[in-house]
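Below, chain A partners chain B and then partners chain C, in two separate complexes.
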Partner chain A sequence: MVFTSFNFLIFFPILAVLYWITPSRFKWITLLAASYFFYINIKPVYAFLLAGVTLTTWLFTVLIAKTGNEQHKKLYLTINIILVLLPLFFFKYFGTFNNEVFTLMQAWNVRWPLPEMTLLLPIGISFYTFMAIGYTVDVYNEDIDVEKNPGILALFVSFFPLILSGPIERAGNMLPQFRKPPAFDYDLFVKGLKLALWGYFMKLVVAERLGMYVNAVYGNVEYHNGSSLLLASLIYPFQVYADLGGYSLIAIGVANVLGIKVIPNFNRPFFAGSMSEFWRRWHMSLISWLTDYVYTPLSFSFRRYKIWGIVLALMITFMISGIWHGAALTFVVWGLMQGVFLSTEALTNKRRSAFEVKYRLNRKTWYLIFTMVVTYFLFSISQIFGRAENLDDAFLVFRRIFTDPGPLFLGPPATFINGSIALSLLMFKDFTDEFYPGRFLLFENPGKVVRTISYSLVIILILLIGILDSGQFIYFQF
Partner chain B sequence: MVKKIIINFLLVSATVFVLDFAIGRTLRYYYFLEDSGIHYRTAFSINNTTAEFLILGSSRATHHYVPDVFEERTGMSFYNTGRQGTGIFHQLAVLTAVLKRYKPEVIILDYAGDFRLGDNTYARLSSLLPYYREHEELRWIVEQKSPWEKIKLLSEIYPFSSQVQQIILGNLKFNKIREQDDRGYVSLHSRWEADIDSVDNLPKFGLDSLKIEAFTKLIRMAKEAGAKVFIIRSPIFCKTTWNDDVEICIRQSKAQGVPFWDFSQDTLFLNHSYLFKDPGHLNHEGALIFSGIISDSIAPYLKR
Partner chain C sequence: MDKTEILEKLTPIFRAIFGNNSLVLSDGLTANDVDNWDSLTHMLLITEIENSFTIKFKLKDLNKMRNVGDMVETIISKLQA
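Here is the complex of A and B:
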């Protein structure tokens, strides 16, 4: 079951009513049952994997909490991380690894046929694996108390709004809310509905429409000229933003309706003036997870190398981020590019700041726009590796962009016109929220008539120009 | 609190209902007022045509069968109901609606190889949504799209979702020049210039039993209506290997005593770029030659 399916529109209201009439101390049971029902609806067999990850995490975190021996604690931590990562590695990377080994052996004239394995990636595995690891490390570091109730831990790992594509939540935020569910909060309930509605707009109207163009071009890279490839490459970041950002808003909104507060995942990323700021606004839950559990420990252990230690930690962190996205060289290059961008900023930070202060650039509109455009272009360039099927395609895209201009392919008029309208609406809202907060209010307007008409118009827009037969979200593949 | 939620919910629902009704009804009115373009051709196929000679198929049908050639050589009235991006269910729907009104004498199904599992054939049944209300006989086909179509169709806008531009275009005079059709046939006028010798790495895919069933049903219905039925695989620019679904098509056609003619690898067309607009579609020059061959081949089967 996915958020955009009609089944979900039936499932969720029923669950919300059931949840709110359930006595407080049993609410977690309702949510756990609903979460497993939600997950089983996608692929029943993978629920065993989810349960397995939950069970080992519960077992080893209880052992970590019980033992007073530091060496044992470390051992339990290591074992659990390995056990939790095993399914992820097996399903996500084994096939690629297998093929690479086979190719390598063939190159050395060794013929040892390995069984060809095409595994379907259990949906959401990358997300719940990170949540389980985060919880284990938090217990190990004694940042949070161990959860003795395996049911509540199971709910944290499988919580249905988050399991498929995040936001990657922290146990410290979620477990207390599951243990003692907050009382019904009307404002949070309404806020949740508004977020979900805007999330649906972002996904069905913006992401799907932009995706039609991007897929048409990137699906046949060899038949398109540089102009079309450039346009598709510039549109793709918006598509991902609307897709994952839309998913995140629906997830957060759904959780809010159930009285659960969830961390945000995006914060108007295209108004960032540098790559470091961009990554504080884009897929925030992943980056904050990587910062806490990878970057910070790494930069601490590399501290003797000073600034170069930071550079090394950044490169490794974003390499991991790339590999997390997919078992392909394109994602490794994508991660490396992010690492290079951020390292360059870290290395030039002092000089750049001094330059900006000297010429008072931070107060100049043209400079702010310039930095935003540069940031957006850098990210778009890196996303060519994120979108291309393989490295050859990615390099072909670059080659064509620089050497093969030509007439622009725009696709059917509906794609182009509706896509432009949708993207303009999304960016206008982000623009006003960023630079004119409190003005041009629609969903938050004090007038009830304006609010009601705004909700209704968004629903009508979804019906009118949304792609209602859409299926997957981009991040389901990760 | 609950009362407040219910009142607000009703308020938004009422506003959405009014807007949906007003916009949806307007779109419906103008949809059926179109006099050119893809909507018009589908509406004409389903509601109006009385042609003796009928072509069913996807875009390859639309661009490959020239009415004048068929009418001249067979002496029958002709209409090409092909519609781009549609599969066997759409073709079955057109035939079902046609047979409710009259019985054509000859039916050609241009087979484009669409028994594969997991493509977007079902999503593309949205082309039939505007007909759900008036055409009871098509409802079961539309419901193949999803089990919730009946509920979704409570919305007046839903059948016309993403169709606003096309509805506007279809009502404009200049669209008649832009997308001119001749009894459903739309000619293509440029030439394919890139080289593709062969495509032999076609991906493997599963077969969809519902589509095979729809194909069988279409042939059976056409035959029961007394029409002469021909299944034709029209030319493709490049060499391709057969897939499992072609074998099934041949088997089913044979089982029902219907001729299956495969022109996809005919050397008269193969790799002749001047006859193609793109690898899957003949240009007008190619369509004239192909239509001539087909009409001559069919003539002996007709008792006129």
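Here is the complex of A and C:
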């Protein structure tokens, strides 16, 4: 079941009523049953994998908490991380690895025992695996208490709003809310509905409409000229933002309706003035997870190399981030580019700050706009590797952009007009929230009339120009 | 070495790393209060502190430092060990 399906619109209200009438100490059971029902509805057999990951995590974290022996602790930590990562590696990378070896062996006329294969990725596995690992490390570091009730841990790993695409939550935030469910909070309930509504708008209207153009161009790279490829490449970051950002808002909103608070995933990323700021605003839950569990341990162990240790840690972290997105060379290049951008900033940070202070640039509007545009361009360039089917396509896109200008392909007028209206609305809201907070309130307006008109308008837009039957989010494939 | 002495020794390190000559340290100061104090400069800071006080932190110590006060406490415990 996905948020944009008709089934979900029936499932969720029923669950919300059931949840709020369930006595407090049994609430976790209602949520756990709902979460497995939600997941089983997608593909039943993969629920066993989810249960398996939960069970080993529960077992080894209880062992970690029980033993006083530091070496045993470390051993249990390592075993659990390996066990939890195995299915992820198998389903995500084994197929690619096998097929590469298969092709290579064929070229040498050697028989490789396994035929070419395509494994269907168990949906959400990249997300719940990270949550399970994060929990294990937190227990090992004694940052949180171990959860002895396997049911509550199972709920943390499988919590249905988050399981398909995050935000990648932390046990320290979620477990207390599942153990002692917060009492009904009307404001949070309403806030959740508003967030979900805006999330649906971002996904069904903005992401889908922009996606029509981007897919038309990127689906047939060889038939499009540089101008169209450039436009599609500049639109794609907005599409991903509306897609994953919209999904995240629905997830957060749905959790809020159930009284559960969830960390944010995006913070108006296109107003970032540097790549490091951008990565504090874009897919925040993934980046903060990678910072805590990959980058910090790495940079700590490389710290005697000073700034170069940091550069190395950054490169490795973003390589992992790239490969996490998919087993393809395009994602490796994507990760490398982020690493290079951030390392360059780290190396020049002091000089840049001194320069900005000297000329008081941080107060000059033109300079702020300039840094935002540069950041957006850099990210768009890297996203060409995130979007292209393969490296050849990506390089073709670059070649065409620089050598093959021509008349712009705009697609059917409706696509262009609807896409522009949708994106303008989204960016207008982000712009006012960023620079004039509290000035142009719509969903939060104190006047009931404005609020009602805003809700109605967004609902009408969803029904009128939203694409209601696609049902696929970009991040489901990761 | 007491708390005041440690703060005195920390101040020039902080000022050099974050490029801010008027930075004044206090117990409650956190990364959010200081420009350029992010996960990158934090590790440079840690390394400088280790070298300057000739101590070695553990990864676990880092998680416990929520502000400058925690940092000073950790340094004191390392110096006593």
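The rule we apply is simple: the second predicted complex is superposed on the first by the 468 of 478 C-alpha atoms of A that agree within 3 Å, B and C clash if a C-alpha of one lies under 4 Å from a C-alpha of the other, contacts with A are read in each partner's own complex, and residues count from 1 in each chain.
Here is the rule we use: a contact is a pair of C-beta atoms (placed from the backbone, for glycine too) under 8 Å apart; a residue touches a chain by one contact, two chains touch by 3 or more.
Please read these numbers as outputs of a predicted model, since none were measured by experiment.
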- Item | Overlay on chain A: chain C relative to chain B, clash or fit | fit
- Message: For A:333 in the superposed arrangement: first (chain B), second (chain C), both or neither?
- Response: neither
- Query: Now for A:468: first (chain B), second (chain C), both, or neither, which partner does it touch?
  - Reply: first
- Task: Return first, second, both or neither, reflecting whether A:310 touches chain B, chain C, both chains, or no partner chain.
- Result: second
- Task: May I ask you to decide whether A:184 touches chain B, chain C, both, or neither, giving the answer as first, second, both or neither?
- Result: first
- Answer with first, second, both or neither: which of chain B and chain C does A:423 touch in the superposed model? neither
- Using the touch definition from the top, say if A:459 reaches chain B (first), chain C (second), both or neither. first
- Query: Looking at the overlay, what does A:276 touch: chain B (first), chain C (second), both, or neither?
  - Reply: second
- Task: Between chain B and chain C, report the minimum C-alpha distance in the superposition, expressed in whole angstrom.
- Result: 38
- Note on the structure: Seen from chain A, its contact residues with chain B in the complex are 6, 184, 186, 189-190, 223, 413-414, 417-418, 452-453, 455-457, 459-460, 463-469
- Query: Contact residues on chain B for chain A in the complex?
  - Reply: 1, 4-5, 8, 11-12, 15-16, 19-20, 23, 120, 123, 126, 145-146, 148, 151-152, 155, 157-158, 161-166, 169, 194
- State the interface residues of chain C toward chain A in the complex, per the touch definition above. 19, 35-36, 38-41, 43-44, 46-47, 50, 59-60, 62-63
- Note on the structure: Per the touch rule, the chain A residues reaching chain C in their complex are 141-143, 276, 280, 291, 295-297, 299-300, 303-304, 306-307, 309-310, 313-314, 342, 346, 349-350, 353-354
